[in-house]
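Each of the next two complexes has chain A plus one more chain, namely chain B in the first and chain C in the second.
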Partner chain A sequence: MALSTQQSNDDDQYVLLAKLDNVRHVSTILKAIHFKEIATLFASPMGLKVTVEDAKCVQANAFIQESIFHHYIIKEEQVNFKINLTVLLECLTIFGSSAVPGVSTSLKMCYAGYGCPLLLILEEDGVLTDCSIKTLEPDEVLDFNFLSTNVINKIIMKSECLKEAFSELDMTSDVLQILLSPDPPYFRLSTFGNSGSTHSDFPKDSDMVESFQCTQTQTNRYKISLLKPSVKALTLSARVSIRIDNRGFLSLQYMIKNEDGQVCFVEYYCSPDEDVDEAEH
Partner chain B sequence: MKEHEFRSCGEIILKMNCVIPGVNIKVFGRAVHSLSRIGEELYVEPLEHGLALRTVNSSRSAYACFLFAPSFFQHYDDGSGQTINGSGKEEEEGEEESIRCKIAMKSCLTVFKSVYTLEKTVERCKIKLDMNESRLIFQLHCRHGIVKTHNLAFIECETLQAVFSKDMCPNSLRASARLLCDAVQNFQNNQEEVTLIVKPDKILLKNYVEDEPDPTKVVHTELRLEPEEFDNIQVGVDSEVTFCLKEMRAILAFAEATNLPISLKFETAGRPIVFSIDSDSAFEANFVLATLADTMTQQRVSSQAESKTSQKRKYTSNSRPSVKASNKSQNSRKESDSMHVGRANKTEEQSARINEHEESRRKPNNKSPDEQGRSNRLNAALSELMNDDMDDVMLDQETREEISKQPIPPASGATSVSGRDNETDRITTGSPVPSTSRENVSPLIPLQSSKPQIFNITTEDIEMKENEEEEEEELVPGTPPSKRFRSMFFGSQASTITQSSQKALTKELSVLAEDTDDEG
Partner chain C sequence: MRFRGKLVDISCIQHFTRVLGTISKIIKSCVLRITPTTWYFILSEKVVSGGVQIWCELPQGHFFDEYAMDGVSAEDNEIYLEVVPENLVKAIRTAQAAKWIKIKLTKKHAPCLTVEVDLPTVSAHSRLVVHDVPVSVVPHRMWPDYQEPELPQFDVSICMPQIKTLRNIVEKMKNLNNCLTLAANYNGELKLSVSTDMVSVSTHYQDLVNPVRRDMGSDEDREPQAFSEAKIDIRRFAQFLSGQQVIPNRVICNIVHKRVVHFYLQHEDVSLQYFMPVIAT
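Showing the complex of A and B:
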């Protein structure tokens, strides 16, 4: 955009270079997984994947595919580093995070390689901001080994009705119990809090449910504190796919549409709560 | 009996089964929200003539009650066994009563968290009591076939009932919610109390600043409300009543949302003010707020009252010492409150209440002959007080038979009777139709407080009641909770005692009168 030609000559030194007209396409997706300060960023020719983990039990991945950027160059098979996500988001939204019609912030993101800071150049209405964020040594991230072949139950539904259920979750409950079954009540979310229990039932023939593939009854509990952050992704999303594999691991995939109608995915994995005492209700 | 056993070993015993249609869910939700701004516990009581939701604030200076009539519901069954399986009806009636319970306000609020989404998504709401699990069940049937079930833990308790009257109050205002909301908006958010002043020619609302360390340094806000803007005005006694703004806001929030007019009924300072909202026959709401007993105001008002109004209304005057004394004794009352359980409270409160009156009567007596005249009127007032209670019997007791078996508690002994008044009142209150009987309550407004009670009456309880009765009288129990608010006594006991006091009244009128005179 308004970046000088001289700079573009320097661009050769970067292993990763990405340009984007509207920074919100990236910042909103990153917000959906922003429940921990530190994130690991993986860049590949496919695009960016940003991973956030908590308690070795939950993992959130945001995928920003290469097509979201109008310019995306990567010189290596894979580039990865850890970065402070809070700071990254603050920089990306330095011109404000709310959408103002007709005004968009453009972004140029550069990374020169191992040990180098991530450089951001943001421009809005001729105002330039240069940011340099230190990168950290990448750690290994969790591998949940969640294979679609092991998935026992799967539902795809519109996010709308889940949003309400999730935003009203009784946080005095330790766990969120998810029941998926080919028989009634089909799909049930339960909490067991101080004031009693709460169940939300979603019938499989509801017009909110787009796909219902449940093969056997499964009742699993997940720490509510681990799942609660996924509300951020849920509120942004249009559809959600809920999958549970044979080990009780939960995968939540959110389809998020941005203002230009492009689709990105955010994915949450969560391990089941260990001490599942014989589940009632 | 058989019926009962059968059900307990087999199916889940469900008491009460109400279905709120989608169009009314918003009102119900708003009611819960409004109640949540007053108290921390929600008393749910399915009655034959509707579902009552009540609460009282922590200092017991405010009481709120919503009564949703059966017509408010798509389906209404109070669980008294009268509408389910007609064959087992008679057997059940004797042993089972409708259940009264209380739940944490917070937990109920989670059910009706967002009134906006309720309105948009909920198609109907079922309310059930599961006696096996001790759960109050709210089941929201939403769009898209989604069902949200909230099983809330409850505690069985006695009925929460403020004894108040509104229909013989000398002063009555009726206004749109809008008018009052606009008026109240002018006060600062941290304003604790407001004073409502009514005179035949004007209505004023101002912030109460006299408890400020330096009243000259705070903002004084005074609004003059145009009488024309009210739907109805009736001013029998010039009065200045000071009450809490917070609770008033809770009321207004509901009234504004439902766009219903509010009626205010009140007397003079120190007597409760009643806000009521009535929606045809679907539901009614009553909020009873204690008003500040202010020496200055009181004296002024009483002198005015003496010259202007009928004798009946003048008993309200309180001199400073009596207020103090009753505050002191408040503590002792509280202590004894916590000491006991069972059905004793009401009786005790009753006597407490009476003692308070005795006191306010006694002190003035030492001062002037004029005051003495007032004490006579107080007697009349006291007898009215007893009659007040009778109304509640009609209103809330389904256990009349049971109660009438009890011995007459001594409380009734404290009743000072001026026979004529009683006679008339009794006739009116004798009506078995609850809703109308309430209309006929006398102007005295004692509010009775008590802790939630254990449900079953045992002989022990009754004995205890009698004992406490005596204790209480020695303690010179008195009044009110917070600040200088004069007491409002809320009774869960209303029914027990009132029933007996009614008996007492019918049987022993003359004797009782003498008793009280001795005490005085």
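Showing the complex of A and C:
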């Protein structure tokens, strides 16, 4: 057929071409970081990284490695652009976002290079949807310079028990205080709201805690409004790693399993709320 | 003027409720025309107030067991009432297990459609629920405003795909822009597209059925691949699609290029025509 040969010739012009049988593998991961409209997309031979930032204090990264796609071609070392994530998600979920057994939407994603729109071709049950989304000039993204060698305290736990604690956070509190310590209470989340303070403690020998490596007591505060969006990633995830470095910067890494058992990661970085005592130093 | 009708069969009652439910979802207030054979729900907005026209026919014999009416006069044996369909739905929603429903035109402090519902009980006592739905009588001289709309010569007619998937797509498109372009041809293709500064999305359906044209003569030279299109308000379209409480046997979409979009719904005995205003381009 003339159309199909023409298409395969056309494919040569793209610097990025990715195909996927089930678009939900991408859309669910992107939903986990959807707390701002604009995202920056980095494509490399390893896969896609999508970054969303807010207030120069929090950054979320979603990694969709190349193996998630059943076809992934990139002709340059790195391709990056900004894109409206809200629009991208609407397009990816145009056939509906809930899982219907036996029905999956396939995706073909193409990008012809700087200044070109991101093209999406979605197909479900013989129905085709074409989308063309404008790409924007990429900005520089924040570098939190978060080094694993500087990490002081680290916990890996099942997400389940954190989900409740996070979804019930007292939003009248400005901050969420996280205490990590080799001594009791080990791991404590505190809020200070209009109706009083709350503390949730997680013992280190709980079944939920898979690894507990805390070397010294650290108490840091983070803006609750910045952390709240990470609940989206938390609810999708199976496991979470919580790390805090010597400057008090927080890293949350979520391990998310998709329906086919493949694993993707989403990470959040958040800077601590400026402490009066420390500001004086 | 006199009207009384009685619904006895439970499946008739439920069908009647669903049909009224569908109407109430797409029309806030309309004219109910009662004739010896048929109930009509008619909406005929002036162009300045939106220009929607709806014409819905319910043959009374399919619903009512007893049906008696006298119109305004022997020659004009009809009654025209202005009703809020939602109020009627509220009145009969309690009747899902009723032994019978009676609907009467009454004169309380104002003209009303009185809905009497006999609910089953365990004991010998009966439970009678009475709702008075206020209506206003449309004077005879206004009747000509509510005539069946004339059908223009359509450029294309096409059977719509499954409402359920279409609904998802239109709901997503609604988040992108306010108007949608509907295009169809005589090759069984239907195209829905939205476009903004940021994104353009179009969904293609293939292999749909084109109902046989009654008058083939006038436009025989028309190419089957040629699309006729019209721009419509996406919210109105979404509302029309999501209002469907019955799954209609057939929904036909008729288009006059850039002028008219007309939907014809048929479900067993009930038919509904919806003229959707077209946005000038």
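Couple of notes before you dig in:
Assume the second predicted complex is superposed on the first by the 270 of 281 C-alpha atoms of A that agree within 3 Å, B and C clash if a C-alpha of one lies under 4 Å from a C-alpha of the other, contacts with A are read in each partner's own complex, and residues count from 1 in each chain.
Everything below uses one rule, namely that contacts are C-beta pairs under 8 Å (C-beta built on N, C-alpha and C of every residue); 3 or more make two chains touch, one makes a residue touch a chain.
Being a predicted model, the structure only gives us computed values, none of them experimental.
When the two complexes are overlaid on chain A, chain B and chain C sit side by side with no clash. Once chain A of one complex is fitted onto chain A of the other, the partner contacts of A:D207 are limited to chain B, with no touch recorded for chain C.
Of the two partner chains placed by superposition, A:T149 touches none, neither chain B nor chain C.
Once chain A of one complex is fitted onto chain A of the other, the partner contacts of A:N194 are limited to chain B, with no touch recorded for chain C.
Between chain B and chain C the least C-alpha distance in the superposed model amounts to 5 Å. Common to the chain B and chain C contact sets on chain A is no residue at all.
Contact residues on chain B toward chain A in their complex (touch as defined above): 103-104, 106-107, 110, 113-114, 117, 121, 135-136, 142, 144-153. Residues of chain A touching chain B in their complex: 161, 164-165, 168, 170, 185, 193-203, 205-208.
By the touch criterion stated above, chain C contacts chain A in their complex at residues 161, 165, 168-169, 172-173, 175-176, 197-207.
Chain A makes touch with chain C in their complex at residues 84, 86-87, 90-91, 93-96, 124-134.
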